[in-house]
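These notes open a run of structures that come right after.
Two complexes, one shared chain (subunit A), two partners (subunit B, subunit C).
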Partner chain A sequence: MSDLASQTQPVKQADKQAVAAALREVLPPEAVLYDEEDVRPYECDGLSAYRKLPMIVVLPDTVAQVQHVMRVCNERKVPVVARGAGTGLSGGALPHPEGVLLSLAKFNRILEIDTANCIARVQPGVRNLAISQAVATNKLYYAPDPSSQIACSIGGNVAENAGGVHCLKYGLTVHNIQSLDVVTIDGELVKIGGNGLDSPGYDLLALMTGSEGMLGVIVEVTVKLLPQPEAVQLVLAAFDDIENAGNAVAQIIAAGIIPAGLEMMDNPAIRATEDFVHANYPVDAAGILLCEVDGTAEEVAEQIKRVEKVLGNCGATEIRKARDEQERLLFWSGRKAAFPAVGRISPDYYCIDGTIPRRSLAEVLAKIAVLSKEYGLRVPNVFHAGDGNLHPLILYDANHPGELERTEDLAGKILELCIAVGGTITGEHGVGVEKINQMCLQFDKAELTQFHAVKAAFDPQGLLNPGKAVPTLHRCAEFGAMHVHGGKLPHPDIPRF
Partner chain B sequence: MADNDHTKEIQESVRTAAASGTALFVHGGNTKAFYGRAITGKSLDVRAHRGIVSYEPTELVVSARAGTPLTELEAALNECGQMLPFEPPHFGEAATLGGAVSCGLSGPARPYAGSVRDFVLGVVCVNGQGERLSFGGQVMKNVAGYDISRLMVGAMGTLGVLLEISLKVLPRPVHETTLALPMDAASAISTMNAWASQPLPVSASCYDGEVLRVRLSGSESGVRSAQQKIGGEQAQDGHAFWTDLRELQLPFFRNDAPLWRISVPATTPAPDNNEPWLLDWGGAQRWLVSARDARAIRKDASAAGGHAVLFRGGDRSGEVFHPLAPTLETIHRRLKEAFDPKGILNPGRLYKEW
Partner chain C sequence: MSDLASQTQPVKQADKQAVAAALREVLPPEAVLYDEEDVRPYECDGLSAYRKLPMIVVLPDTVAQVQHVMRVCNERKVPVVARGAGTGLSGGALPHPEGVLLSLAKFNRILEIDTANCIARVQPGVRNLAISQAVATNKLYYAPDPSSQIACSIGGNVAENAGGVHCLKYGLTVHNIQSLDVVTIDGELVKIGGNGLDSPGYDLLALMTGSEGMLGVIVEVTVKLLPQPEAVQLVLAAFDDIENAGNAVAQIIAAGIIPAGLEMMDNPAIRATEDFVHANYPVDAAGILLCEVDGTAEEVAEQIKRVEKVLGNCGATEIRKARDEQERLLFWSGRKAAFPAVGRISPDYYCIDGTIPRRSLAEVLAKIAVLSKEYGLRVPNVFHAGDGNLHPLILYDANHPGELERTEDLAGKILELCIAVGGTITGEHGVGVEKINQMCLQFDKAELTQFHAVKAAFDPQGLLNPGKAVPTLHRCAEFGAMHVHGGKLPHPDIPRF
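Coming up: the complex of A and B.
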């Protein structure tokens, strides 16, 4: 289990009552919580294996209140952890025991919908799906659609650079936002990005996106809206060999087609979801591909024909075209419900978020299967096949002593495998506290030092979300003492074993 | 290709410069030397560090060294039916990938396909202390660490010397056509805005003061169907027009007066003065030829919620980029110090003071 305190700079234990009193100078009393029963609901985010009680929880509802919170914390050197809907899967919003947990739940208003410029100005606590719902009558939508889109909020999406099943064609959060209002650690409000397609100076919009609450607190987001496609068509293909399925993905792209969504599930994932949502998936298949094409009606008709041909040539054992919108949504329902479906067949599950070059898919899945046997833990896989983002789900039972530790160990092995084939430890969930050790494997000392320097440019005292996203060199030295980096052991001259 | 790997030499040059506090002028083919502020410094030419490092068409990813000529890179992609979707301007035969990424310029497809930063997946660079650093990677989705790859785009070489860049690439459209519709400026702006909110395969749109041109890209049937909805005449100069626009070779740009690039919301009303201007990017990028006072031009751009760049000509020793708000300026200075504590990488290229 992560020892958060060891990752952070030493923080002087601030006087809870004094900090609370300073916060209440501007915030109403009901927006400053510190009794244990009041702060307990904030002890974890979507990664519930990690829990900490925050010293204080604040629930501001104006930008001025957020600025006040930041000033109070900055003056008193109190850590600040921002939190949106709390659906994050990497512990990015895990509270700091000596810090303030800044909930943006009350920032839940859509401030402006500008259909002429195809943008919406929203507060960070607005749910991802609520944006698309609000502009649906204008035949517009917000493209990134993480599977948690019913619940997750846009501020958290920006903090993690959230993706979804349509990223290959429509990009990640970073591609779909235009500007941010950010409160800095010293309480200044800054606009990052602009009203046009670009802004002067460095691309701070890209830097803020995915920065996991380490650089500032987002209080407003201007998102780009896209016209709803005229036509959408989904094809489901079954394969009796996962390698064929992987090859089909490459061949679809080689044919010059960029599907709106291209998803893969392996047999254990198919079975789990089929039992849960009855999407009529072929439960005997080694893997299924869901390939969605969108565009003008003519374009979709033309491309879907070519997709079917490619799938047939690649050895698909069955190809089904969704007959209507209802069936299309049914086919998707399984994929989108993969996590809760897995939650039904196992007391606990642990979701991994590695990205790999697609060509390594068969190799990586085979190695995961070997590891799964070795650790005696089942691992169904769902895969954003189009963009190489793999979500192995390790099934475990936290009530069995040692099983969580084994799970974390296996997860670490799988992430190392992703790095070894040229991929990354996190495609869309973020590093948080969860993957902080693996950061030591993906980045060397100079790179980590550069990250810390970037952080210091925004937050010289290191108060924003301390201990997350970027490990200290000290931590890496401890973790990496026996680890292989870039194929080389550190200090290869030292005799071992 | 080992001969084309000059990582060590570039690191050494930066280290030497850092030790002596010598300002470097980092550059490739110098095709964009006119852009940004004019600076002096010891030349660090990265052109020898060149070549495509890896290209896997079915992964939609290419990695190339910064000195790779853009023409060489685009030819390799073209052979596999792919392209750089952001249509980088070249401004000359010698243009390199590193220069295109550092300047952060994108062509006519930008509002529809995305900008150069949207397609950058990873960079390898040398910071101001001569350290070789790798950020991002060769995969589409990667949120490990801060997004320093994209931060490098448009930084004009002030944060690091780019060694290698990985980009997402896309298939070339099967079919393309350009339509021409004569109309007045107000109608052109509202027409472009209306297209942007409809599911049409528009890949470029430009109004030159008389004619609105629109490029459609996609499958043949999709383009044909959109063509019927949009109307207008098929433009004979189709492909050449967009290339000339991208390269600023249209007659409009043949002018020695200062050229401004104004970036504003696409719905901003047409300017009512008599200066020559041209609308690109569906109205979001406006070119203005004007000798007017910079402050007046910037004031107009700011009022519209945008910014103005003195793109070419005029006083290159003053500020050519739009001034930053004070809090932002502080963050910029600190970031510059974080990457280049000695201030030796293209100092003053972006803003006068750093």
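Coming up: the complex of A and C.
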């Protein structure tokens, strides 16, 4: 029925014991788990709607051990799913029931901090925020800041090409790393990338970044560090018309200003968060923008002046500059608490991640509102407006029979809407298992075939994270058929970029 | 003896006629050239030390024609070498004597300018500068600016991941394009990249960028456009000690300033250019820095103040801020005329392109001076200091027997020096045929093997630009042997990143 079909078959105990024994030839016994109560904690990542028990969980703490795990799995054709902190939202670390779940949790050391060249060598299990904390005394920091940065690990950030509120100005993970150590499926240690702005040979660094554990296992990351900005300022603007808010986003960028953060929330999201954290948001606004700029004191003062002017010209009904650091953090507190906030007003919620051209913001929000009514499911919206990265939050109740299915169907429709306006089905969360069907709409046969050829160049037997990120053509054929059955063949009316 | 050995074999006339006939089934006769006088103009690119006559030259002007060329060559196992404007400096467009040279010269139209989303869709043969000229009235421009930007084409820029004086702040070509249309060796048209900051699936956009015509032929490029900076200012600083100049570069970056351009020239380069363009450079300085910042008037004024402070602290003997636009262009004129300037003081010169960590600038310059004496060849240095991209210019006379060989040997030594300090053998010119041996030192067997696997995923028969960019393991074995024979096995003393 799908790439994940094999996961429904029972694990052969004999295999399990034999593989475990082979792994224990190099790994200590406590680093090879297979009893149900031991592997249960690894059954899902942040996309908890999908759960599978892995056959075996390994917790290596040296590169040599990772190489051994890969060689054993390669020889015995055992699937390998790498896992960082397990905070991913697209099911990229969902275990394979006949496979080995390779946890990088023990790779948690910062190996080197080179302030002269503004880089740090870290192990993949190091938490995103821990890097900035380690170099704070040097007035440096690591720019990408996913909402989960307290918990998520840098290895996972690389695997998903994670972003955050600052990626509009400072780029995604791929723009903030310099080199990787990767163990291939046959156990080879490969160094990727280098010191220079450019690197000879094919750009495997970018290829590996965002490849969702399909090409190799990351065992070391060299990240770029940036000087902490001297000054930061935040402006909150309210709009009585979401179209004006969307237009303001375009105008700020068109003015040549690249804010450190440019976030939008619609009215349902504003109300939910205000009730929760009391950030003093204007609860009657159709939408608000949070625009933060950073740099030297002079730059910031000058840019804020221009931002306020643009916001005024675009019909903002209210413009508030944070009076002090405390108020700046208060304004952010609402946006950052948006997910738990909607969690309070609904038993369950489903976070969607898609990207659209900025000019389509208002149009897409209007269409999401229509779909929301059609499905009878509330959908507050928060998003990284600057780079058109949407995070609609579908509110549902898993205890109501069929509501999860209806929610997933609505989520699919919203992603297809992103494609239809010339956008993509991911912003920063990856594809994983969550969006694998929509990949069939995003890409055509020639493109998917090329993806599979690249995959085979790294993993000829298809053992790395099988069934994730890139659908088989067979699966897409079925999905297309499913769509026809559903009365709609989406391909024709989706404009190719 | 090498990957290019096959190029010494004579072309079988029968093949030539049969291939030409097959090509003419779709291409008009005037677009299929094979008489010697017709193909002679294509015998080399900017690296004119290497020359080969192609078997056939094709000049398609539609994507369908390119697809036909690829299908014909794929069926008949005929090598295909794509060529843009032919300004490349590493021999990436050197023809294959038994192959088809595919010129994109007729793909010279700007297809769409989308100011709302700050992008332009252009054909690969469009000249780099023509893009900025076409959007100048919209106050936009395309940032990467190789020295050859008047002549070089955007397709070639993508193939080589070209840079320029502004890439420190605005990035290389890969950071300034959004999507590509590529024709694969089997004639498929594949769309790569998309509208969003992130794109689902593997990052084929970055993989294709800088792949030197080894993976496919680019038939359309969507470039990102930036708003023209409101203000620009340039500071010229003189140093009586090159180490101070190198230190100043590091200190400017460490101060959190990212100049739009940060160029260095040593004394021989200063003298050569001053004699030529009279840019009013301090001819007794050991080195000069040209530091340009752009942005709003306020930002520029504020940053220039800080730049001047840093330069003073680093022991600059003279600091001159351009008094007006005319003087700013005068200061640049020297740097931009550096190549023709050395061309005046030497019958021939060889431009090297390597990258080193900024902190190693002074050390590497000192070692280049030693090598220069050792080989009895003068080596003026100009470079993009901000990103550590060196362009030493070896002066020689091709009419002196053996001097070209000695020059190429010295060039190899300088590239190995770049590797030894933790840098790379390319900055922005690519590998082509020029640096293919040094690739054996830059990468180990596992890394080269992975490169070949990726290549095979796109081009299983190895027909695209054979013998370029990535050496065979066989070639590296021979090169290693040559080095041992030369009394030096470089591998052990080269620190891995």
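We adopt the following convention: the second predicted complex is superposed on the first by the 469 of 497 C-alpha atoms of A that agree within 3 Å, B and C clash if a C-alpha of one lies under 4 Å from a C-alpha of the other, contacts with A are read in each partner's own complex, and residues count from 1 in each chain.
The definition used in the following text is that a contact is a pair of C-beta atoms (placed from the backbone, for glycine too) under 8 Å apart; a residue touches a chain by one contact, two chains touch by 3 or more.
Since we're looking at a predicted model, the values are computed, not measured.
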Practice item. Following the overlay on subunit A, give me a clash-or-fit verdict for subunit B and subunit C. Key: clash
Review point. Between subunit B (first) and subunit C (second), which, if any, makes contact with A:269: first, second, both or neither?
Key: neither
Exercise for review: State whether A:211 touches subunit B only (first), subunit C only (second), both chains, or neither.
Suggested key: both
Exercise for review: Using the touch definition from the top, say if A:388 reaches subunit B (first), subunit C (second), both or neither.
Suggested key: both
Practice item. Would you check which partner chain A:451 touches, where first means subunit B only, second means subunit C only, and both and neither mean what they say? Key: both
Review point. Touching A:138 in the superposition: subunit B (first), subunit C (second), both, neither?
Key: first
Practice item. Applying the touch criterion given at the start, work out whether A:94 contacts subunit B, subunit C, both or neither, answering first, second, both or neither. Key: neither
Check your understanding: Does the superposition put A:116 against subunit B (first), subunit C (second), both, or neither?
Key -> both
Check your understanding: Which stretch of subunit C would you flag for clashing with subunit B, going by 5-13, 329-337 or 473-481?
Key -> 329-337
Check your understanding: Intersection of subunit A residues contacting subunit B with those contacting subunit C?
Key -> 116-118, 161, 163, 167-168, 171-172, 174-175, 184, 188, 190-192, 194-204, 206-207, 209-211, 214-215, 227, 229-230, 250, 253-254, 256, 295-296, 298-299, 302-303, 355-359, 387-389, 422-428, 430-431, 435, 439, 442-443, 446-447, 450-451, 453-458, 469-470
**Study point:** Contact set on subunit C toward subunit A in their complex
**Key:** 116-118, 161, 163, 167-168, 171-172, 174-175, 179, 184, 188-192, 194-207, 209-211, 214-215, 222, 227, 229-230, 250, 253-256, 295-296, 298-299, 302-303, 306, 355-359, 387-389, 422-428, 430-431, 435, 439, 442-444, 446-447, 449-451, 453-458, 469-470, 496-497
**Study point:** subunit A contact footprint on subunit B (complex, rising order)
**Key:** 56-61, 81, 104, 110-111, 114-115, 117-118, 127, 131-135, 137-148, 150-151, 153-155, 159, 170-172, 174, 193, 196-201, 218-222, 224-226, 263-267, 281, 284-285, 304-307, 309, 321-325, 327-328, 331-332, 334-335, 337-339, 350-351
Check your understanding: Taking the complex as given, what residues does subunit A use to touch subunit B?
Key -> 115-118, 138-140, 160-161, 163, 167-168, 171-172, 174-175, 184, 188, 190-192, 194-204, 206-207, 209-211, 214-215, 227-230, 250-251, 253-254, 256-258, 295-299, 301-303, 355-359, 384, 386-389, 422-431, 435, 439, 442-443, 446-447, 450-451, 453-458, 469-470
